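Given below, in the form of structure tokens, are the structures.
Both complexes shown next keep subunit A, but they swap its partner, so subunit B is in the first and subunit C is in the second.
And now, the complex of A and B:
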């Protein structure tokens, strides 16, 4: 199944999703496509004002452009999602160093979508990490039965 | 070597405007740089700063500001920017701007952007930042020497001034039509008043929107954006070359608020999103009230703005308020006062919040001749602004003054 993850560039979640036989919907692959696409000249992310307009499908015009720009990439990925995992309370440098408002909106949109969802907290020690992995594993294995 | 402009920002990459910012800087001989900070320094910087935003990129912005303040990173000027309509970003942007000004002497400009921002919108601001760094000695000039002309090609009017040995000997203005033709017409008029011929001029300075076209054709000594030129013109005309001041210029198309220290700008904002706070709106009001714009100020002074509800950011809706008010039986005096109050209030809300207002306030530009608007600005800032003589000519005066710097090798 296509599994969406928050944060979208979590290497830990990406690895677990892939390891348990699913397809992670990641920001990395989206950004890679943009950065290697020589047709676009808008460094560093090759995200153009036209892309930001795509974000209007997910957030209105009164929403700051930085949020709409993020949603222009995150939104279409979420549209494809068949399941999702949200990680809470991670250090601010874990995942995308960005906009808290965008993260809040994204969490809300994931919750609104009628798909299997697992919400976990970033582990503080080894024991919590083991519990986290076990929960993610159980969730991902459970998806196979759906 | 390129002038290093440190970028402290949030949201530029995902708004698709980062390349526009870099392009604007490069166009005027600047280079955007990004202060390096270590991961471990971010939490400490936020802690010391005392404002802990939820967004990680704003935390990084604070850490970068601290790296500049502590001298760990070398830059010549600072550009602080965040998404338009983001409250958290606006709060941090303003606090970071204050922090930079308290801890450094670097010139600063702040800007809130949308995805529609193009590099052209930033050019004047970037050019001003680069000028303040590159031409500090020129900007320190306090007296005009020789025989020079200044031309200010504005969005509404074009002005020219002839100055000789620090004295104004000729001046003229007219509405801007075809850019170069209008400039030549006002220059000729000003020269006629001064009794001089073009070949006698020892230097020419040009500013305003049409500066590049006019400057190139006249082979001007100085072609300069209006932020630094206007501030020089303002302190020269107001005889406030020393100490601090805030210059407010409500222009035909955009407004400028500039703080200066010893005549050199160190922080400025330039707005132009909403026409409801422009000189153009004043023109529309006078036309609709069927009064000459020269009489609008005196009319407003007789009215009471409180009796009319007018506070639209948009000039069209502002005129709609005006029409409704007249239809409801309000007097033209009250409506004129409300229009002046509305413009002053928006300048106060949108622009004076982006700088630390320093007394005295010097109000300049054509709109400074509308007494009702000056009164309204005074009510907002708590003291009556100084209106220097020839206040509508500040751009031309500043250009003529600075052009003379080239006569003595600065």
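And now, the complex of A and C:
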């Protein structure tokens, strides 16, 4: 199954989803097409007019352009999702995934979508890591109907 | 044109005995014709999607609980990212943080394989009113 993850570029989540036999929907795969596409002048900083229109499907015109720009990439990815995992309290959410408003909107859209959803916390010690792995494994195996 | 190649980051947990150099030699020895770049955290491999998947499967078998991976958007040596071309490195602090936490994931995966029970994390309890009053008195003195 295609599993959406928040944050969209997490190494730990990407690895766990793949390890337990599912296909992670990640920001990196989505950006790949854009950065190797020679038609865009300075990827990934440039948006095409088409991206702007796509972004409007997920965030209104009054929403800051940065959020709409992000949603133009994240939104279509979420549309493909068959399940989702949200990881809260990531200590590193700055940079391209550091816009709090975008993350709040994305979490809201994931919760609103009628798909199996798991919400976990970033592990701060060994016990929390064990809880995280056990929960993710049980969730992903449950998607197979096991 | 449809891109049929993939670039994948392979990260070695600090708890592993495997070195990036060993991984580079191992991937070359597979003879899959992949581009390989040694990094401080592991290696990046690049090539046709199927070959990258085959190579990663073999690499992970070397140390399953201590080798982690995700795909990467930018090709190896891309001028917009590669330090050799003075590229910017956004996202690296995140990678560094997750890399430093890989030993926790290693312990968790190993414990799960060994069938250890999952620990129950107690929720932090609020302190009593009496204790709170004591703290107020201590602080205000």
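One rule holds for everything that comes next: the second predicted complex is superposed on the first by the 133 of 146 C-alpha atoms of A that agree within 3 Å, B and C clash if a C-alpha of one lies under 4 Å from a C-alpha of the other, contacts with A are read in each partner's own complex, and residues count from 1 in each chain.
One rule holds for everything that comes next: contacts are C-beta pairs under 8 Å (C-beta built on N, C-alpha and C of every residue); 3 or more make two chains touch, one makes a residue touch a chain.
This one's a predicted model, so the numbers in the text were calculated from it and none came from an experiment.
Asker: What is the contact status of A:35 with respect to subunit B (first) and subunit C (second): first, second, both, or neither?
Answerer: After superposition on chain A, A:35 lies in contact with subunit C alone.
Asker: Where does A:22 make contact in the superposed view: on subunit B (first), on subunit C (second), on both, or on neither?
Answerer: neither
Asker: Using the touch criterion from the header, give the chain among subunit B and subunit C with more contacted residues in subunit A.
Answerer: C
Asker: Under the stated touch criterion, which partner chain does A:130 make contact with: subunit B (first), subunit C (second), both, or neither?
Answerer: After superposition on chain A, A:130 lies in contact with subunit C alone.
Asker: In the overlaid three-chain picture, which partner chain does A:49 touch, first (subunit B) or second (subunit C), both, or neither?
Answerer: first
Asker: After the superposition on A, what does A:92 contact: first (subunit B), second (subunit C), both or neither?
Answerer: In the superposed model, A:92 contacts both subunit B and subunit C.
Asker: In the superposed arrangement, does A:14 touch subunit B (first), subunit C (second), both or neither?
Answerer: second
Asker: Considering each complex separately, which residues of subunit A are in contact with subunit B in the first and with subunit C in the second?
Answerer: 43-44, 92, 96-97
Asker: Under the stated contact criterion, what part of subunit A meets subunit B in this complex?
Answerer: 41-45, 47-53, 62-70, 92-93, 96-101
Asker: Where on subunit C is subunit A touching in the complex?
Answerer: Touch list, subunit C to subunit A: 3, 6-7, 9, 11, 68-75, 78, 80, 90-91, 93-95, 97-99, 101-102, 104-105, 107-109, 111-112, 116, 118-119, 121.
Asker: Inside the complex, what are the residues of subunit A that reach subunit C?
Answerer: 9-12, 14-15, 18, 24, 26-37, 43-44, 91-92, 94-97, 123, 125-134, 137
Asker: Over in the complex, which subunit B residues touch subunit A? Could you list them?
Answerer: For subunit B paired with subunit A, touching residues are 10-19, 39, 42, 53-57, 59-60, 82-86, 88-89, 113-116.
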